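The structure that follows is given in the form of structure tokens.
Note that the chains are named A, B, C and D in the order they appear, and that numbering of residues resets to 1 at the start of each chain.
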Amino acid sequence: MTIADISHRRKFLKTGNVYLPHTAKIEKIIDETFGERAIRTFHFNFKDEKLREEFTFESGQFAEYSVFGIGEAPFCISSSPTRKDHLEFAVLRIGKVTNALHRLGVGAEIGFRGPYGNSFPLDLLQGENLVFVAGGIGLAPLRSLIWNVIDNRDKYKNVDIIYGARSPSDLCFKYDLDTWDKDKTVNMVTTVDRSDESWTGRVGFVPKVLEEVAPSANNAIAIVCGPPIMIRFTFPVLEKLGFNPEQMITTLEKRMKCGIGKCGRCNIGNLYVCRDGPVFTYAQIKSFISSEY
Amino acid sequence: MRQDSQWEPKIVGFLCRWCSYAGADLAGTSRKKYPANIRIIKVPCSGRVDPLFVLKALRLGFDGVLVSGCHPGECHYQTGNYYARRRIAITKKLLEYIGIEPQRIQASWVSASEGGKFAQVVTEVTRELKEIGPNELFADQK
Amino acid sequence: MTGKKKISKGNIERLLNEWSQEFTVFVPSQENGVATLAKWGGGDTSFLAWYRNTITPAKANFFPPMEEMFSFRKDREGYHIELPPTDERKQLIFGIRPCDARALAILDMTFKDAYEDPYYLSKRNNTVLIGLGCLNPYDSCFCTSLGISPAESTDVDLMLTDIGDQFLIEEITQKGRELIATASGVEEATEADEGKAKEVKEASYKKVAKKIETEDIKEKLLPAFNNQDYWERAAAKCLSCGICTFLCPTCYCFDINDEMVKNQGERLRSWDSCAFPIYTKMPMENPRVEKWRRVRQRVYHKYEFYPMSFGVIACTGCGRCIRQCPVNWDITQALNGLPAKI
Amino acid sequence: MSYLPTKNRDVEQRLRDEAKSLLEQGRVDYVIGFEPGSLKFTTTPLITNNKDDVDHLVINPFIVNNLSVYLTEIKGRVGIIAKGCDSRSIISLIQDKQVVREDIVIMGIPCPGLIDLKKVERLVGKDRDELDNIIRDGDKVVITVDGQGKEYPITEVLYDNCLGCEFPTPQEYDVLLGEPAPLVTDLTASRQKIEMLEGMSQQQRWDFWKDEFSRCIRCYACRNICPACFCERCFVEESEPQWVLPVPRWQDNLIFQVVRNIHVAGRCTDCGECERACPMNIPLRSLARKTYDLVDELFHYKSGTDKEASPLMTAYEQAEAEDFIR
């Protein structure tokens, strides 16, 4: 089963000024991790009622979130489209906009424009074994797809989730990890690079653990997301396990600004991550990935 | 220069915490009268003041900038105020050349015991700024 | 009669004044020693003598160095967003060169692809282009290698060719035809005028000395993408400044920044350049921190990636990046010097 | 096309031999010099470790770049061609500990002053690519247009900074190529723009700079070509806090230029490259040279003349300029 080229699945918005954000209110904030590079999940909803009903998106798409007066930054929508009551996105505190987002409290107003980019090809994933490989905050984009899959569990065969983080306190979405662990139909494998006394689970880098779990490659698709260093070591492992480049999907993190393929900075070769991605097969970006990525 | 009578100049004062800030404190505790136009920013040393602070303050609409530190030789870090002196000298001369009124950049040495002098410096600076009117240098957007 | 029209150079001033009733007319001007397009003040048409090409391309009228995207105001109910007032008055650019006109057609592709860019397109649809053929291309021009003739263009509404003390006028679009129909001082062109124009066009075509072989380059480009040694040598003298990209008529990269004072602010779009290191800087890493990667990106985006996405080379050979580069980095040398396919 | 009378050709040959031997003996990893440019009357920097490239090295009145800008970027030992102002920039980089003297072999060129093509274009009324030839000989220059040669005094076409040059012969060198040239200077012409500005009122000067900087498109050529600007990340690229927006608004452009000039005070050697590189014809040298003169006037400090001296802003005299301090 090969996915030739999923970049032609561009999602278009109706016309009108595509740069104008809608205003949205933050309804809930969850601290995923603490410390200098803390990660927070924001639950939010549009202020405009009509928009709340009409708004649709697909797992894997991202949006541009504005803190007015500070700037705009792209983050994936980490909640699943199957759950309509609110939307979620996760932010790692590292730069100007992310710091501003982390200073916001519940009830604060942000800008939202999107959804942009293509999405995970659900129709092509149906009837397949799914292997999710995620690292750190890389679980956020996959989380939307995982919940989407679990809410339509019968359409998919086995589901393996291999998720790792630097240390136990760096694990994100712990509440989801527990739920998926208890779920019989999901093989949840959590690992940490460096353990501490509170940790009783697996220890090891995600690529190594993936090799140990060794999910079978036939009728399987691997969906990978995490820091660039992890992605670079995961693809070779998957190839060793028998996955060919068309069976490997990733959602890339690149410096994006406009989110709609105009401002020019998120290109990998001739592909714009925001317009032709962010979801790519390894086959598409393999030629440029080594030298450009 | 338009000058309606109730206009009051807004001054930002970068005061070195060891001397001038203490001097300003002393002026307050000893009930010295001086105009309330100054907004004080405490800096570890007058040598910490970057020309960028001066220009950013003028850009945001302050009418004057005062940099005040310890007298030469009394700096807590020995040489901070000497470096500050060179930096402010060049900044002031270059900004004059660019076309910013010289009165908008002021500097003073005020030691921790000179509460009176601090009050007098602020009074003089306020008077000079009142003469040249509000800072409309960076006003128009286009 | 040939159906074509002509106008004497003497009547150009009257024509521009006439057009200024309806349009905001832009003409080449040398204010402050920089050739740019400036508003026509009804003054002299001396630019017809010295004008060869502007420093900042006509793209700046549609995609300016800085423009406000929208402003926002915060009050108790929250944020209110407001679009800036659009200038309803139509624009007319007199004297755009064929290379800049083709460049606008190339930019249209990106600004219309997938999502329409309202700022660029509103100005673009609101502007009439009056092309003016080149008689005297620079030694840095290489438009003929990109299939562009210095004195002919189909990307404008009217095309003027200098035939001595008159201009031959070719109506390219309906908009142009209507415009010239009502213009004063326009006469019918004779066979001789048209012959003269043909001569002028061929002469100026031959004057373009610099050449690149786009077919040959097409084959050498992809194999040379990973040739780090070649690109390190080519990039060694580059200073990573923004001149070549900002002054390039087909460069469209931009940055978006917010500014807010108290509770009133705006979002601004401004030119950005792939030559700047922070252009691709991400918090964790920067894929193009080495200078050779950035120089390579500029060449490949124009001669490899844009053709892959839109089927056309994003360069019109206007030569600005060569003329204005402070270290004389010449893109034609980098392209012609590509190692042969191994 | 050589723009020099025959007697200067042997200097070029000595330079090529010198550079070749440096590379052959492995005393340097790279040689930085000038080779003929791709357009008329231009030269372009040549940075090479290949000894055959040195045959392209040239010396003529158009070797305008200050090559020391590359020293902070190239790793390893470097042989560099340096005019008077370039060698002072190297000394200034040594003072700032950006470059180690032992890692550089300086091939000094006594500089007779360089020809400003903008001045030639204004003088002759033709663009540079329409001229046939420009040949300098001592204090005269012959400009040939449409086959017709015309002679002008050299001071009409030299760069403003060359007219005000104090150290045409390099201060620091390992080998000096050619004898010190007769210095043709005209200080008043060199400071003419600055004096005009000093004559204006405060409001007039402010309006002047406001207009100039409203043309700036923030291409940063002035900063990137300046050897004194060697910061890893410039203050205009800071986003937390965002002191200056990277948006070409005149207010932000002005703050950028003024603070940049204060940062390079005591490092700028008036090589004039910032003004030459600016595509929008903004008189940046009227700012840089003024700062240069201020530093000289206030602290009797001439940038890049003393390798051992500590940089301007890291030193002080007991008693110096403080008339403005209350």
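The criterion applied here is as follows: contacts are C-beta pairs under 8 Å (C-beta built on N, C-alpha and C of every residue); 3 or more make two chains touch, one makes a residue touch a chain.
Treat the numbers as computed from the prediction; the structure is a model and nothing was measured.
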| item | value |
| --- | --- |
| Chain pair with the higher count of C-beta pairs in contact (C-D, A-D) | C-D |
| Whole-Å gap separating subunit A and subunit B, where each centre is the average of the chain's CA atoms | 51 |
| Whole-Å separation of chain centres (CA-atom averages), subunit C against subunit D | 31 |
| Inter-centroid spacing, subunit C versus subunit B (mean Cα positions, whole Å) | 48 |
| Of all residues in subunit A, the ones touching two or more other chains | 95 |
| Residues of subunit C engaged with two or more neighbouring chains | 255, 257, 259 |
| Residues within subunit D bordering two or more other chains | 249 |
| Contacting chain pairs - touch in the sense defined above | A-C, A-D, B-D, C-D |
| Touching residues on subunit B, where the partner in the complex is subunit D | 51-52, 55-56, 59, 72, 79, 82-83, 85-102, 106-109, 121, 124, 137-138, 141 |
| Residues of subunit C touching subunit D in the complex | 32-34, 52, 55-56, 65-66, 136, 138-140, 233, 236-237, 239-243, 246-247, 255, 257, 259, 268, 270-271, 273, 276, 278, 291, 322-324, 326-330, 332-333 |
| Interface residues, subunit A side, partner subunit C - complex | 10, 12-13, 15-21, 23, 25, 47, 66, 68-72, 94-95, 109, 111, 227-228, 253-255, 257-258, 260-265, 267, 269-270, 275, 288, 290-293 |
| Subunit D - residues contacting subunit B, complex | 197-198, 202-209, 235, 243-244, 249, 251, 254-255, 258-259, 261-262, 265, 287, 290-291, 294-295, 298-299, 312-314, 316, 318, 320-322, 324-326 |
| Sites on subunit D touched by subunit A in the complex | 239-240, 242 |
